[in-house]
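Take a look at the structures below.
One chain, chain A, appears in both complexes that follow, with chain B as partner in the first and chain C in the second.
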Partner chain A sequence: MNENMNKPNDDDIVFAASGLTKTFGRSEKAIRAVDDVSFAMRRGEIITVVGESGSGKSTLARMILRLLPITSGTMALNGTDVTRLRGRGLQEYWRQVQAVFQDPFSAFNQFFSVRRLLHRSGKLLRHADVDLDSRMRAALEQVGMHPAEVLDKYPHELSGGQRQRIMIARALMMEPKLLIADEATSMLDASLRATILNVLFDLRADADLSVLFITHDIGQACYLSDRVLVMQHGKLVENGPTEDVIFNPKHDYTQRLLADVPRLHDVG
Partner chain B sequence: MIVMEPVLEPSVPGEILLRASNLRAEYEAASGGIVAVDDVSLSIRDGEVLGVAGESGCGKSTLGAVLSLTARPPLYVLGGELEIAGRKLSFDPDHAPPRLWRGSVVSLLPQGAMNSISPTIRIGDFAVDIIRAHEPGVSRKEAIDRAAERLEQLGLPARALSSYPHQLSGGMKQRVVTVLSTLLNPRLLIADEPTSALDVSTQKVMIELLIELLDRRLVGSVIFVTHDLPVLRMIAHRIAIMYAGRIAEIGETEEIINRARHPYTGALLASVLVPEPQIRRRRITGISGAPPSLADPPPGCRFHPRCNLATDVCRTTQPPQVGDWHQYAACWWAQDHQGEAVVSYL
Partner chain C sequence: MKLSRFTSRFYVALGIVFLVAFFGTLGPLLFTGKDLTTVVGGLYDAPSGKAWLGTDNLGHDVFTYLMYGTRSSLIVGVISGLIATFIGVVVGTVAGYVGGAVEETLMAATNIMLAIPQIVVLVLISVALDSRSVTSVAIVIAVTSWPWTARAVRAQASSVRTREHLDIARLSGANTVSIIVFDVLPYMLSYVVMVFVLQISIAILSEAALSLLGLGPSEGTSLGLMLHWALAWESVRNSAWWAFVPPTIMLTMVAFGFLLLQSSLDEVFNPRLRRDSGRKRRKRIASARTAAEAAEAATTSGSGA
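Up next, the complex of A and B:
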């Protein structure tokens, strides 16, 4: 498939997945939700995974997050195999690989202020010698919020866009190498969507962060990403630079998917 | 407060299916009333699809609830009139609208409809309930047969009726619920975000179903509420853009998309992300600020705090509706720049 894959010696590669497979069920009833997926991510790269509902995008994300057992295949972070990490090693992996999910309304404890929420997330940092408070403030500033204005607020006082930015700030506090954003903008208004995507886009200027963005919205993939991966029935059917995949798709499925996308202007 | 005269439309009989005037609806809250639909008037022609778009909290779903006669406390319709297919209704907070209008004259396909059927009954039982609520004498078998016939007529499998909701896929559920909500041939179908939870391929199939319902005259007209402008371009004849409980602009779909006259419409369009080459070349900033609180909306034009083209008059006086019933922008800028599109000024 892609020449860029499986080059563990490339210094720029932050994360590499090789033959990742997830099977639900047994014997003839087994469903391969993620089927032999391999790809590599470079430092500072934004990769979008697109595909229709049920194509395995979110299952892939949960495998990378080590929230689901992996049936077969391997994955490596900075060249170290992380497929079977446990205990302290897994905790450290979770610090380096952070996630933001779809629903900014259910991700908050209604009774906790933003300060308390972020403070609790700081538990993952307890072995590191860090000043949690300044880390918290720096992370909020990175997502364009004023710490003094939001730290003492409760979730109901914040809009969906603000909540999602706080979720991103929570992830950034860990100083992750990889951020996984699973439909992180799907529940937001179009006018807010762009602002969240811009936050993700700007984070790569801080170099060390790579973003794996998962969406069914090809428009967002087109705006944000360096590369696009297309999934169908658990398989990776296309993987390439955004311009190639979106404006000159090779695979039949990608072509069909793009033909169904509603547009504002007629093409050509 | 100033009540605007509804813009006059030509009264050609048979052409206009629905005429709603001066609709006002309020959510009762501990801190006082929140007027979410404020003096909205609109007309729809027979066979027309009117898209209603705007940000969250602009009142578009509330307008859908008012027009579908499904407003329930804490939402109260304070006033306004509805004239649909020759029947008239005056809203009055003390009197409930006629119950039997719901489903047969107006029908609502609510947001998240596909997850609103009881998971413990078969879809067929739900169809029986709908038909019997209006025609109590109909036997169970006859009701099921009617629903089965309708599904097959629209190319959907009749066996869906013997399934429980969880046995159908999301797209199939949404289509089946749409067919059930139009079983009684409503003159107006209000579809609230019918495609928002679906992926693009199922979205397209859903839109084709709505078009077929219109073509076969099983529904008269459709009000399609969504925040997704590219989807509206696929189906809507006209689009109404709502802001803070009012209609900011309404007009033919291609006019709204290519020659918007209200700065808010322009800003909304500029934040749409579509897979077209131009969006990779520039930074999309979204609309600065947030929509105002409807408990205390700003004076004058409600968009003025976020508008780049606002002048002194916008801050004090409610803007005029520039245009006719069919196509207008409620904007002082549009008043001073008749016939111009706002895009090049933003």
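Up next, the complex of A and C:
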């Protein structure tokens, strides 16, 4: 992989990771779940990370979110090092970097109403001068829900799709600069998935939101992203514009992934 | 919670526990009007209209002593259960949630406590105390009986820890205390309730064991102390059964009631353990049989046509 692909030389970079490594276990039994991963994201860019199960995609996401300690390497948000943030600094980081996870059932605390869930996240905004209530309502409307109907409901009163949309609203409420979506749409039905993806597209245009999609669905990667990163055994094996990676894959792992995509009609 | 979730076992257990609690708390006021200093007869008088369960070695009414003894056993059980559950839950939750070196340290301490036989520690601490009130006996039992709770709760907490809602809470900037209180503990609440009930029953039995050895509360009475005096004054050889049989039955009832309550709560909180009642099972078998007969009838009539 050549160097200038990893480090675009412009000021537009929102997030940059270099040499990110995560090792589980000690000494000779250690497993490198994420191995020396470097990439950069521009403002408003949508990047997809693809790879099979166990390739380290989700570990990478959790490292970027600072939910998992980083073994080595550095990350920077808007040019500031965020690898070792703690306390207030970390809260400020989470205001700008948010996430949606795969499973809308286990992501909810079943004892919290939607309002309480959103209010809790809203505490990150307490230093910013915003009206939390209107922000909450706006975010729910963005994902196509009626605030009055859902705010006082508990998770068991909502369907899977509704829950996932509330999770997305929770992340968007913070108006983040970077959104990590870890298989966020894999549990939604097709029409809902399109709605959600379009919401994210609009936000990219309106609010300069950068999105890091993590998926095993190459079709989805093709549909929405500007660039694709391919991961295998924790290593980044391919990193390039979507067209290049999909139509002209260099690494044989990518070629194999693409060959496994079921075809409804041959594009020949 | 819907009432239909409770099994008949639960109601039986609750009934026993309430009966015992009623006997221990209100009994002395309702039935005899005597107290622990009232002397009603001589050494081991047989049961009579004056003393329903006879008298003990000092001529006290055994029935009155039984009620006061039940009361102090229950007090010891509840106080000790509360303290032991509290210590166990705090240690277990912190170890399970925080993990790493904190977990190793806390669990090492817990395992060391588990390796030392509880009764030895109980006896040593009790001997070291000059005067023992009901409360201090309860505290001594509590500080030796939390380790099992801590271990079990740690296992629960580390399984809750992997749930995604904790990640969401962290991403919302919630601090560790808030996450433990609002995101981890509620998920273990049913378990903690069961542990508490079990701890009560363990504490009551431990108190009886200590008292039997003469290390029980130094004022008042308890079920174990009654047994202790009955042994010391050779009631068995004097065939004064009323001195040792009633406290034994009472102790068995209390411990059995709480154990049954704990295991029936397990069924309530964990529906997979629930068994059909006999009637339901018969009904299910009967309906399966009629369905099979109907199907058979349909095929024979079908082939006949």
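Everything that follows uses one rule, which is that the second predicted complex is superposed on the first by the 257 of 268 C-alpha atoms of A that agree within 3 Å, B and C clash if a C-alpha of one lies under 4 Å from a C-alpha of the other, contacts with A are read in each partner's own complex, and residues count from 1 in each chain.
As a convention for this text, a residue touches a chain if its C-beta (ideal position, glycine included) is under 8 Å from a C-beta of that chain, and two chains touch if they have at least 3 such contacts.
Predicted model, so just to flag it, every value in this text is computed and none were measured.
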item: Which superposed partner A:179 touches (first chain B, second chain C, both, neither); value: neither
item: Chain B versus chain C as contact partner of A:220, first or second or both or neither; value: first
item: Which superposed partner A:98 touches (first chain B, second chain C, both, neither); value: second
item: Touching partner for A:158 - first (chain B), second (chain C), both, neither; value: neither
item: Set intersection of chain A contacts, chain C complex versus chain B complex; value: none
item: Contact footprint of chain B on chain A as seen in their complex; value: 52-53, 159-160, 189-195, 197-198, 216-223, 242-243, 246-247, 256-258, 260-265, 267
item: Of chain C, residues touching chain A in the complex; value: 163-165, 167-174, 182-183, 186
item: Interface residues, chain B side, partner chain A - complex; value: 55-56, 170, 198-204, 227-231, 233-234, 257, 267-269, 271-277, 279-280, 283-287, 290
item: Touching residues on chain A, where the partner in the complex is chain C; value: 62, 65, 67, 90-91, 94, 98-99, 101-103, 106-109, 111-112, 117, 120-121, 123-124, 167, 170
